[in-house]
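First the structure, then my questions, so here it is.
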């Protein structure tokens, strides 16, 4: 198992957020997490990334690259240097890191903005830069918190296809938080649906369709999941 | 990393408990004092040059009445002077924030004011303001208003442009924008500057007494120095250190009351 | 006469006195007069200005104080620069500072051995010319290094950081003895250098002219105070300490200092307290003017010696008893 | 609001042009000087008490050789002392940021250090360090390191928690986190503190010369004060004001080089 | 016309962003703006809100309430006091402003968080608080920059319905930036499609269906608009 969560409980003061969440993620699996706003999805990721100590429960998680919901680009670094951050931290020489991240600017639709300051980017461009910073780290496990939320459908589809291809190529294990049911169905091997706060896993659906998927083929699954979200 | 954790529900966060919080300064200060005491005892240095800490405490206690009598005026001058300094600092920083013209006109003057050596202006102060509270208060204000102004001016200037835009989109006047965004946004920077300023306030007061005073810790130090009583000079230094530490701690209290959202 | 019109001084005449330092034995006569009630008897309301870093010459010269403590050397410079002050009484009749070196300096037997040595001083303009002259008078060249140290000069001397400095024998000198740091000192006059009134009582000239009666009353009360200090130093020391509670934590320093002043410094050759002579003024102040370091109000060195007779007066002193 | 605008494409932003930028301080300073000159001329106050600005300039110029000779050592001491202060400030602030134990242990000591009056420590300095460069450098460091430390410590402490989290999620060590987030995040606060500190540096140097010096602006001021040359004292004050203003301006230059992203 | 834009041009340095954008919005109209990420939608709003001076062109815009893409909640105010900001600026007494904004916490799914600090909210909750802060101002014109981007479908639908109802009741004029074509079709009287940067209006579609709309009825329009976004 790349990730194993058992009976996870997290509270903020009196506010119980996670109330016994349990699931596993196998190596190479792509699992999406759906759930109402404020249910505790980002909180779950923080625990998985080792940033928050749970009140109770058992968590085993392989080292992961984490893309938080906020883009958190640093104003003191150019866009390119923001995207090399994880590589630099991992000890890659700056020049190599720049070459590696720079190669992704084209597919991410950011070319020409390598040397801009982050506050010169649009919202969607910031989000793509943050995603780039995450995936370029080449970790086995990706934790992506709403990576496509601020993208138009065309850009979004392009990014989804890129991710689908990459994870097939490199065997990445991906955990994805999204509000887009269609996106979850399109990308995932399995979808977990969380209840409203305090969150538990209320529905689990394995999706066994071949990749790349046709939207129409997955329509039934989509309806089922929408139902589970009610 | 493959982390495994299994913990009972825990209500309390791991905040260092009381003894742990107070231990570090106590340990270090105790070590320093013991080292000092040993150094003095072993080297046999004359107490006029460097008295032992025990002697300082003992003599300070023996002269506690005189120390106390001289602490009160210093405290009073510090309080009044620093209050004036705060008022002046806020007024100047606010004015300068509203008018780039004023900013360019006043900033060089304010910087220049910091280069006035008391030795050069003390005679003028006395001739103009006599020997009352006023000249001392002015010296303290002069010594301490500058950090306040710089802290505020830079705090104001670093306001998030997008936050200002939001306010302007609500139809806020410059003054409203100031009140709702620039002012609270500058508070972290202000409190940093306040801590710098208040540290100089007590030293400033002692210094100000050189301009002319009947009593005060500065006068006491000077008298004792002229009587070669280094131990009593150091006792007075100790008193002023305690006052400064207390004022410094007070700024955290005020910050927690005024701006509890500032993360530390 | 002008001002009060010759009748006795108006009662409650306010008089402000500027001191040069924290209270010490140089001031004892003033505090004696206050403690013994002589100012009050003369109808004077005397206030000692609080300690301040402003030179009494400036305070008295600008009228912020009616009287003050000064020194013949600093007086020479402020008077030269146009300060409106007059010396009304000599408090110490001689130099009370001396060149001091550590007692164990076998290499320094005379000021002439100070050539090439380091002087720890106070930043006053007259120090270097005076030291140079004394060294020359003793047969040296007068070449030495000068470092401005302020009151740290004594510590620097004891620690061997400087070779010589200029302490008040009746204060730092005694303290050195009490501390067990014996000093060896040289009197300037032993080598032919002119003597001087080390400590003066000075007045604001316009005020003196306008209030001759009050001035006379004040100066005479002060003179009487110093007379007592000269005759009964123990009582003067007590008065000084009583007038300044908490200021003196070293009683022995005060009494020994007072004794020394009474014995050697407060009285002139005739045993009188207070009077000044033109000779003395011409000797030392003349030397300073000749050295070219005294400048006028416009910053130009004084070319010719002024009429020193206008700088001081004995008119307000009481007749010798 | 119904705004209507029709504008040609404009390349340039409305930045005040050169004369407008320099006008405010020049106007204000000119007004002050004229007022001062008039006040002195009309009141006929003695130049020992308050010389006219013309006289200050004239005498300062006449004594420019002496002023220059005394400016150099002060500049040197300021540079070395402030460099030491920066080094000490950074080391202490960094140490304190890494260890809460050290923070609690050292902060009270550092505050207390700010209450040491030079009068009390000058003799010790002389005893221990002689009167070469060292004691003066130490006095400047003592006077100016504190704003640096406070500015840095508070800058570090205000780092966005989520930014730290991001770095930790990348597997960053505490040191890497410091280098990538806390350090750049504290720079705005550091530059504010730098401006406060550097303003005290020149005054500190002048002050330090009282500890013992052969030459320097402080020595010059003291000598001229003892010679009742208020005009030359003020001329020296003017020189130190110019130095301080130049150093203050320099901080903006350094900031633009080191941290161009700080918005002003 | 509530809003009239003619030949609007905006550049950032050498980067031409808006390249002759023209359109009108009638009183009470609901107009959605679609366009690729980074095309200049947010830039357009900044000009309409009077925060950015265009390089050329003519803009007439009635006073509006503007919801920027970033939520910009102030850390020094509680969530409730953040939502009253616009009312306080407009001079409403604090107590009245709190009552007015507080009444919306229930429909916005924020009740219980009135006195929380903003950083204790989830991403979607922050977005709702920012929307609340905007609509509570009761201005005639609303400029909403991706107000529902971080919401799950259920919460999103609830917010959309609320907005649809309110603008019907009060006759608000709404300009909405979104990446969700279905959302645009569901809510708008008219949809404008912007080209990639430099942006021009490349497609305009009036939608004349009755409210509330059935998803299926609008499917044809949705397909048309997706085509225009290619």
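Order of writing sets the labels: A, B, C, D and E. Residues in every chain begin at 1.
To be clear about the criterion, contacts are C-beta pairs under 8 Å (C-beta built on N, C-alpha and C of every residue); 3 or more make two chains touch, one makes a residue touch a chain.
Remember, it's a predicted structure, so these values are computed and weren't measured experimentally.
Counting only chains that touch, the fewest steps needed to get from chain A to chain C is 2. Most remote from chain E, judged by the distance between CA-atom centroids, is C. When every pair of chains is scored by its C-beta contact pairs, the maximum goes to B-D.
Centre-to-centre spacing of chain B and chain C amounts to 39 Å, using the average Cα coordinate of each chain. Chain D and chain E have CA centres that are 48 Å apart. Note on chain placement: the centre of chain A and the centre of chain E lie 26 Å apart, centres being C-alpha means.
Touching two or more other chains at once are residues 50, 63, 70 of chain A. In chain C, the positions touching at least two other chains are 55, 58, 62, 151, 155.
Residue positions of chain B with contacts to 2 or more other chains are 1, 49, 119, 123, 127, 171, 222, 225. Looking at the complex, you find that chain C touches chain D at residues 55, 57-58, 61-62, 74, 77-78, 81-84, 120, 122-125, 145-152, 155-156, 159, 161, 293, 295, 297, 299. Of all residues in chain B, those touching chain E in their complex are 160, 162-163, 165-172, 176, 180-181, 184-185, 187, 259, 261. Contact residues on chain E toward chain A in their complex (touch as defined above): 12, 34-38, 41-42, 69-70, 109, 120-125, 128, 146, 149-156, 179-181, 226, 229-230.
On the chain D side of its complex with chain B, the touching residues are 1, 16, 21-25, 27-29, 32, 49-50, 100-109, 111-112, 114-117, 119-120, 123-124, 127, 146-147, 150-151, 154-155, 157-158, 161, 171, 188-189, 191-193, 195-196, 199-200, 202-203, 206-207, 218, 221-222, 225, 230, 233-234, 236-237, 240-241, 243-245, 248, 262-264. Looking at the complex, you find that chain D touches chain C at residues 46-49, 59, 62, 119, 122-127, 130-131, 209-214, 219, 222-223, 225-229, 231-232.
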